[in-house]
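The structure follows.
For clarity, chains are labelled A, B, C and D in written order, and residue numbers in each chain start from 1.
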Amino acid sequence: MSVDVLVIAEAVAGEVPDVTYELLGKGRELSDGFSGELALVLAGEPSPQNLFGAADVLYSMSGMEAGYCAPQWEMSLGEVIRSAHPKVVLVSTGTVGIDLAGALATQFDGVLASYVIDAVMEGGSLVVTSQLYGGKLLSEVEIDSFPAVLSVVPGSFASDVGRVVGEPRREVIDVGGSLSSAKGIAIELREPDSSGVDITAAPLLVSVGRGIGSKENVELVAELAEAMKAPLSASRPVIDQGWLPKPHQVGKSGKKVKPTVYLAFGISGAPEHLEGMRSADVIIACNTDAKAPIFEVAHYGTTLDLFDLVPELTDQVGG
Amino acid sequence: MEERLVVIGGGPAGISAAIAAAELGAPVTVIEKNAYLGGRPIEENYASLTPYLESAEEVMGRLIAQLTSFENVDVLTSSKVVGASRDHAPFELDVLTGSATSKVEAASVIIATGFTHFDPGRETQLYGYYEFPDVIALQDLEAMLKEGKVTRPSNGETPQRICFVQCVGSRDRQIGNEYCSKVCCGVASKEATEIKLLIPSAEVFIFYIDMRMYGYWENQIYWPAQEKHHVQYVKGIITEVLPKDGKLLVRGEDTTMGRPMEVLMDLVVLSVGMEASPGTRQMAALLGVKQNKYGFIEAANSPLDTVSTSVPGVYAVGAALGPSDLEDCASSGGLAAAKAVRDLHALA
Amino acid sequence: MPVGGNKQAAGVTELAEAIVTSPLSGREWDVSGGSSRMLHSRVLTDYSASGFAKIAALEGGNSLEYCFGCGKCVPVCPVDLVSEYGPRKIHRAVQTGLDLFKSDELWKCTTCGNCLRVCPKEVNMIEVMPAVREVAMVEGTIPDELQQIMEKTFRYGNALGENPRRRPAWTKGAGVDVRVLASDPSPVDVLFYVEDYWSFHPRGQQAAQAFARIMTSLNVDFAILGAEEKTLGDSQRLAGEKGLFEALMEEVIDVLAKYQFNRIVTPDPHGFNALKKVYPKYGHTFEALHYSQLLAPLLEQIDFQGSLEATVTFHDPCYLGRHNGEYEAPRKIIEAIPGVKLLEMGRCRENSYCCGGGGGGMWLDGFNANHLSERLSERRVREAAATGADILAVACPYEVSRFEDAAKSTGNEGLRVMDIAEMVDIAMRGEDWRS
Amino acid sequence: MRIVVAMRQLADLVEELEVNDEGTDIDREFVKFVSNEWDEAALEEALTLKDELGATVTVVALDEPDVDQTLYAALAKGADRVVKLTGNDPDTWVRSRERAQRLASFLAGESFDLLLTGVQAADDLDGQLAGILGSLLEVPHAAVVVGVEGSDSKVRVIQEMGGGLLGVSELDLPAVLGIQAAKQTPRYAPISRIRQAMQTGEISEHEVELSDASAQVKVRRLYPPESTGAGATMLKGSPKEVAAEIIEIIKSKGLV
């Protein structure tokens, strides 16, 4: 049997993220549709806990340097794809996916769909649903030429199917010899800067997003956080603008948090942010746009202006 | 001998008085200790006069030419009044010209002996006028301005940072000069303007207690100095001047900011005030005219008669009466002339 | 937890014994006790005219240097009451080394104009500040929140960053027909220039609706530009974005050229100021009226169905009063409303206090929170509350939201903030203002 | 160092996006187009590198609505040269693959050390530009870049690897980078400067003909998502009332 679906494990520092199991689950479903095999490709060796039983084949890319270097990964994954000939490659819309999905699709003259939240087989075609325009629209795409690369939004599929324990066939792709021709080298992996603030442990988080408008205004929410004795956290734009340091970030590239109560001010709810906080017990969102995606995951919401609400909250908590 | 009107002192006030008297037809004798007329502005090499910034030589030259064009005016230069009696005429003056003495009979006398610059060696602060070559006084700067070249006396370099320190020798109980010298604010502003015209890259500061720009001097000198010539006025007077790295460190309080200030300067100009000149003191004594405690002649019937003294027939004009600007000198000169000519007619 | 902003740690350190050393002379200054609160260099050493020279090189920048320190401006400066400010202090700070171009001081001035009113030397901060701000903007030292306003204004033609197509959305709730010129371009008497806050802000929209009802009842022939309207951008100009102002002006002129109208009426004193004083400098002259000026002469025709029954105090907008000399029209309107008693605040008319919204202040509340002990609007609201009035009446679209916020934050929730158009509308329709 | 920044126009998300009659694209007729915000970060990073190292910055963009405004703003901010690639239909959706092909066609005639572009755009249906472009040009590439340090022959990039982990690697030049965040907030271009650029600056145009466009994904339909699940319970009332309710909810969880 040939490999029909290849899942790329976005495990750079050893730990396999949830989304890899989501992809394995979905990959199982798709490969059953093709009646072919499901393969997983992983950098290095799997740890004993990760047996990836959902997959039929496990490719280990060996000989790669520790750390992450896009050209090296591209070269190694290219080797695997050349060897496995998958019809469908599944990767998440994380850094590896954003880095390499397009490059691999181009290299193998395949079709690529990004921000995928669903994929089903219809006849001989793969029908894929993607989020566009920050989730404001969905697009349904029909793919009937292969290989196809799908870059999937984390959280789109269940991960339990992918966690089945088993022993896939092992194949090792050693790229050590050719790696020197890669046009880049990995230098190091830097651990997250966790100095000062730990937003992952607090039972209550006060979180602020782009709607705050400016660095100066962050102070307003910081006062509320202080009054509530809760850490201040933030969504990506606030960090990117330099309004708060990185350790405050909730989301895909920041911290995953699971507080009892998550208070979100001026956060619209980009998928990357929702990924980091959707499992909070109670989410309370304040956003003037009633259509903001955050209200989909929030338990309570208000469209009041945060500039009206936050001082009021600070007052009432303080008093 | 004909009875004449005698003016002692050939400076701006004396000449103004003599011209006014001559215009009224009176015979006038001007007695001037220097070999030339013109008084302080000429003697001290003033570059220009306040407030119009005209050349001192030109302005005084015009005045002197006007004076000497009168046939009824005698000018005795290099001459001093060394004695006075009232035995033969209202006044009989002994005049020493060179080594020769002569007698001049006067129907009335106008004292126009002016002022002298306060000696900064006497000031109670620590400005170091005699210690630091780059600490100079207003008149020193005048002389440089007249030469068209302002330099640091210590090394001949062009100064880039210059400050004026106001009220040196004035308004000071410790020195004994409680009075305001009236003109220094205007003169400093004028000189500051001239420096900026001469050295546009220079930064010029005036440290002051309060700016005393009376009347039109405000917008004639002060405002243009600030607004057009970018002279920086800083309220708070300098307390001491110290040498530092070849420059002068001026220290004081910036009173508006309420903080100490220390600024490096290339040249420090002391805005020295006026004191009664030796001539004023001597003539007052000789003629028995009452002086105030500062040595200036006291006007007997102030405020509305500014020129009569305690001795009938003796008048004082200009800075012999106290700190005075040129406009006041000319005005008091005219008034004294009118009164003196009246005395002359009364005698006739 | 100090995060963000430029808030400095409290610098008050009172030591029983403290000595600071002059960086220049090495001399030590004893600042023991209460005066040791400035333990960083107390000694001023940086005196120069160069700061002025850089400012004077800008158009309108020369007069800063004219200050002779009389201090008249400081007590009338609204910012000085909540911070260290005032033109005299800026002048001195520049003389002693402040780089105004890079200083936070640059953004505190609201261009309220009260300093110029009293300045014997005519130091014109209304020209100085925008000129310096323009350079600061080019050099990139502009507060974040202001930068975003400029970007929004450029992109959407309004400071709120709202979809320009939603500009006429407020008309739906007016209860009267509001003509939009794009769909009915026939000549009109009054072009109602709604401006940003009446177009988009919920409280402003209520005032716009009230004003539309009043004009309709007075049979005023009026229309709006709707989606074609863009802000006149006077506050953006005074915040330093002259280029943006000019770009907007060109677009505004192009749109206005499409229609025939007799006069432009706007509720926004800032827009009014632009039309009255700034547009003519560029050769664009219109008959411009503040809405109070349109209404005041027509009041007799209003058939009031009810009475307001309230004591009212009125806040003079800086750009209506001080900048353009109109103090009477809004008062005439207030006094014509049945049941109203007008109580003046101590600071009113020429000496009116500023709400803090002018000259870009509208968009710098976050920035200013790090610099002012309280907002100007808060101070003003307390003055209004002290009169005992029920209603604080306003005639500028910036003010309803500013004062409502301030009423809450100062514990004066009992003071209602209303636009004079809302007051007229309520009395005209016989409604109860308390409901 | 020669830096090229690839920028693009995108439907402004402040707008209500509507789907066209065919249901396969947004209705582009009344949409406002603005510069992709990540491209703005890429431009800022390029200009920062220029300030630090001395570089020439060329900005290149396809012919899309209001692209001139973006290009003039880039000039006003300090770009040395701006290029508009023509040949595409400005009123249609240019997919990432085609976009990359068009850019690659232009870049074939350009010598450059670094190409910077935004990490993503909201309508990247078929992949993100940096990876595709790097692959087409056969040069190393990296995306989700939050730090760039340049030298003569190599570039050191810092990438976000998720969970706050940062991957540092060194790439040979030339390289293509997808920028997630610049070192500082994108600078402001005063309108007077933009207008000046409009008067004195020049947009050079370069026509691109694509001989073989790559296979595209077929969009069957585009549609707004249906509300999933119950959604949030919306709290009503004044700020005071809503604040009180929120505090009640938090208190009910034993917090505050």
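Heads up, the rule we're going with is that a contact is a pair of C-beta atoms (placed from the backbone, for glycine too) under 8 Å apart; a residue touches a chain by one contact, two chains touch by 3 or more.
The shown structure was predicted, so the numbers you read here are calculated from the model rather than taken from an experiment.
Summed over C-beta pairs in contact, the chain pair with the top total is A-D. Taking the mean of all protein Cα atoms as the centre, the chain whose own Cα mean lies nearest is C. Chain B and chain C have Cα centroids lying 54 Å from one another.
Between the Cα centres of chain A and chain D there is a gap of 19 Å.
Chain geometry summary: the mean Cα position of chain B and that of chain D are 76 Å apart.
Inter-chain centre distance (chain A to chain C, centres taken as mean C-alpha positions): 46 Å. Counting partner chains per residue, chain A has residues 241, 308, 312 touching two or more of them. Within chain D, contacts with two or more other chains are made by residues 185. Every pair of chains in contact is given here: A-C, A-D, B-C, C-D. Interface of chain A with chain D (complex): residues 10, 12-13, 17, 67-71, 74, 94-95, 98-107, 109, 111-115, 127-128, 130-143, 145, 149, 151, 182-194, 203-204, 228-229, 239-242, 246-247, 249, 252-256, 260-261, 263, 281-285, 290, 295-296, 298-304, 308-309, 312-313, 315-317. Considering their complex, residues 22, 24-25, 27, 29, 38, 42-45, 47-50, 52-53, 56, 62, 65-66, 68-69, 88, 92, 95-96, 121 of chain C touch chain B. Put simply, chain C touches chain A in their complex at residues 1, 3-5, 7, 143-145, 148, 366-367, 369-370, 405, 408-409. Listed in rising order, the residues of chain A touching chain C in the complex are 213-220, 222, 225-226, 232, 241, 243-244, 307-308, 311-312.
Chain D makes touch with chain C in their complex at residues 12, 14-16, 30, 32, 34, 185, 187-188, 190-195.
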